[in-house]
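One chain, chain A, links the two complexes that follow: it is found with chain B in the first and with chain C in the second.
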Partner chain A sequence: MRTGLSLLGIRFEMDRRLHRRWLVVTAYVLIGILIAGEWLVAQRWPSWISLYVIFIVLFGTNFINDYLGGGRGSTQGLIKPFDGNETLRKFGYNVPSQDIPKYLKGKYMNDEWDLHRRNDAHWRAYRWLGLMIALPWAVAGMELPTADMPKSHWFSRYASSYEYHLLICCLLTALLCVYITLPQAILLWTEPDMEEQ
Partner chain B sequence: MRSDLVIFGSHINLARRSRRRWLVLLLLLFTVVLVAVSWKFDRWRGTGGFLCFLTVVMNRYLLGGLQAGGLVKPFSKSYRPIWLSSDPPPQSRIDRWFWSRAPSAKDIESDEREDFERDRAHRISYRVLWILMGIVCFLIYLTREGTPFGGAQFSIDWALGVALVGVMLSATLPQAILLWTEPDMEDENCEVEK
Partner chain C sequence: MRTEYAIGNIRIRFESRARRRWFVALIYTVLLVYAVLAAFNLTQLSLNRQVTTTEWIVVGCGILFVALWIVFTWLAGDMRARGDEREVHRRDHAHWRAYYIVGYGVLAALFAGYFAGPNPITPLLPLVPRTFLVKLPQILLMATIWIYITLPQAILLWTEPDMEEAQ
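Showing the complex of A and B:
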């Protein structure tokens, strides 16, 4: 993990865990703003244009993740790409090896500790999100009884309303956003204070 | 990881990786058949819950991971079944069909290498689940909103089916990956039979 983050030419020191935790909170606030924006935009244009809005939210989350957290292929964030060693092997370098240029090593190479922490973060994330897949299952299951219910039933009326549709869309988008970011957030949150490089 | 499996009292040696891979393939085939039957029966409406319960049973007696009892040791370090406190641990009649002896604390403790492999398996599973989750969400969206360019209306059955597969995989995929990738190990049967 890197100790410094450069955003728009300004360098932020992230060697202290407290700073990294603030970064995680900021990232999730930004993602929350994106989802709130999805809600507002989809209310204004109640047609399939909301599909594009969902894509924009997911793209935005990916962007926030790449520039703040890293991990998923980007070399901009604090965390080196999870598949950095595989990338180096694709470049033709033997990992671990002394022949790798320093700038590539700093960008991509994960040492044993990094790999251990990466896998551990995924294990912790999986414990939560493995269960979360039951949520879309429940949502899909909720569609079934409403089809057989009388139209006058309160839930049938609510399920056919646009508010319910928006709620489902925003809930599932939020779930996907958490899926994109959670292992990186766990890494940033739990990594102890480190010496400045 | 245990190297032997007891099914209805008969021992099956699974020290070799090829055998473990056969077990994974058989379980996969069994699950696919059940999912297909469930589709035919009631389109995953009522029987979906039964399939989820089946994964719990599968983990308890065959795969392990989430519970003590299967081939893979419990993933969680904090998992301490109440029967560990009694010596020798009690063994129910059903357990005797699947365990040659009652599991002890040693049977469920994992070392550093096993923890690393556990985390690696979860990392691969995480990617698979992420893809499945994306597909389910997209299918739910298409069902509710309709396809953007006026195509045929999607039935919710598709989303329900993929979500059901996701729920089942979330509970069994890391164990299956571990069984698939762990190398051949020394036979522990002699020790077990003692």
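Showing the complex of A and C:
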């Protein structure tokens, strides 16, 4: 993991765990704002075009993740690419090897400790993922056949409404946003202060 | 990871990797058939709420899948149990591989959700495909949940070498 983050030419020191935790909180607040924006825009202008806001949210989350967290293929954030060793092998280097140039090593190479931490973070994230998939599935499952239900029933009206569809879309978008960022967030949250090491 | 499953006096041995791979292939084939039939049935159920022959086939397929799943989870062992260092490494690595595959299912459900809501394409379709498209996000999420439950174990069973070789 890197200890410094450069954003718009300003360098932020991230060697302390507390700073990294603040970064995680900030990233999730930004993602939360994006999802709330999706909900508000799509509710204010109810049409299928409004649902394209989903893509803006997903791209926004990916952008935040790439520039703050890193991990998934990005070399910008604090965490080196998870598959950095595979990338080095694609470049024709043997990993681990002494021949790898220093700048490539710093950018891509994950040592045994990094790989252990990466796998552990994904194991932890995976357990949360199940709960998160179950929620939109349960909500989508509520749209059961409503043939026996009187049309005046509140749920019968809601289940066929635009808001209900929007709710499922927003839940799925939120799930994908957390899915994209969660392993990196776990790593940033749990890694100890660099001085201690 | 366990190497055999016993039903009474019958012992099914899984030391060989090839045999484990066949078993993984079998369980996913049954799951695929089950998912396709269940999707078909869910669409039918939405159109008329009557128990049809398809429903009985779906139930049979579901029972077969659950039976295979019991053997499958027995072989893979408890994923939460902390074994030795190698086992923990293998388990975590399997989850790292599985994590990114599960995400595609959620993404597919999100795209399918487009057809469930107001859009210019769905109203032009006949009743049956239209109902199917409305139910598609739910079907995809259900399939994703099953993949989520089984995939790390499947990766372990698929990649672990022959037990004789390991010894």
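As a convention for this text, the second predicted complex is superposed on the first by the 187 of 197 C-alpha atoms of A that agree within 3 Å, B and C clash if a C-alpha of one lies under 4 Å from a C-alpha of the other, contacts with A are read in each partner's own complex, and residues count from 1 in each chain.
Simple rule for what comes next: a residue touches a chain if its C-beta (ideal position, glycine included) is under 8 Å from a C-beta of that chain, and two chains touch if they have at least 3 such contacts.
Predicted, not measured: the structure shown is a model, and the values here were computed from it.
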item: Joint occupancy of chain A by chain B and chain C, clash or fit; value: clash
item: Chain B versus chain C as contact partner of A:131, first or second or both or neither; value: first
item: First (chain B), second (chain C), both or neither touched by A:165; value: both
item: Intersection of chain A interface sets (partners chain B, chain C); value: 48, 51, 54, 82, 116, 118-120, 122-123, 125-126, 129-130, 133-134, 136-137, 140-141, 143, 165, 168-169, 172-173, 175-176, 179-180, 183
item: Interface residues, chain B side, partner chain A - complex; value: 45, 48, 75-76, 116, 118-120, 122-123, 125-126, 129-130, 132-134, 136-137, 139-141, 143-146, 148, 156, 159-160, 163-164, 166-167, 170-171, 174
item: Interfacial residue positions of chain C with respect to chain A in the complex; value: 45-46, 49, 89, 91-93, 95-96, 98-99, 102-103, 106-107, 109-110, 113-114, 116-120, 134, 137-138, 141-142, 144-145, 148-149, 152
item: Residues on chain A engaged by chain C in the complex (per definition of touch); value: 46-48, 51, 54, 82, 116, 118-120, 122-123, 125-126, 129-130, 133-134, 136-137, 140-141, 143, 145, 147-148, 162, 165-166, 168-169, 172-173, 175-176, 179-180, 183
item: Of chain A, residues touching chain B in the complex; value: 48, 50-51, 54, 82, 116, 118-120, 122-123, 125-127, 129-134, 136-137, 139-141, 143-144, 165, 168-169, 172-173, 175-176, 179-180, 183
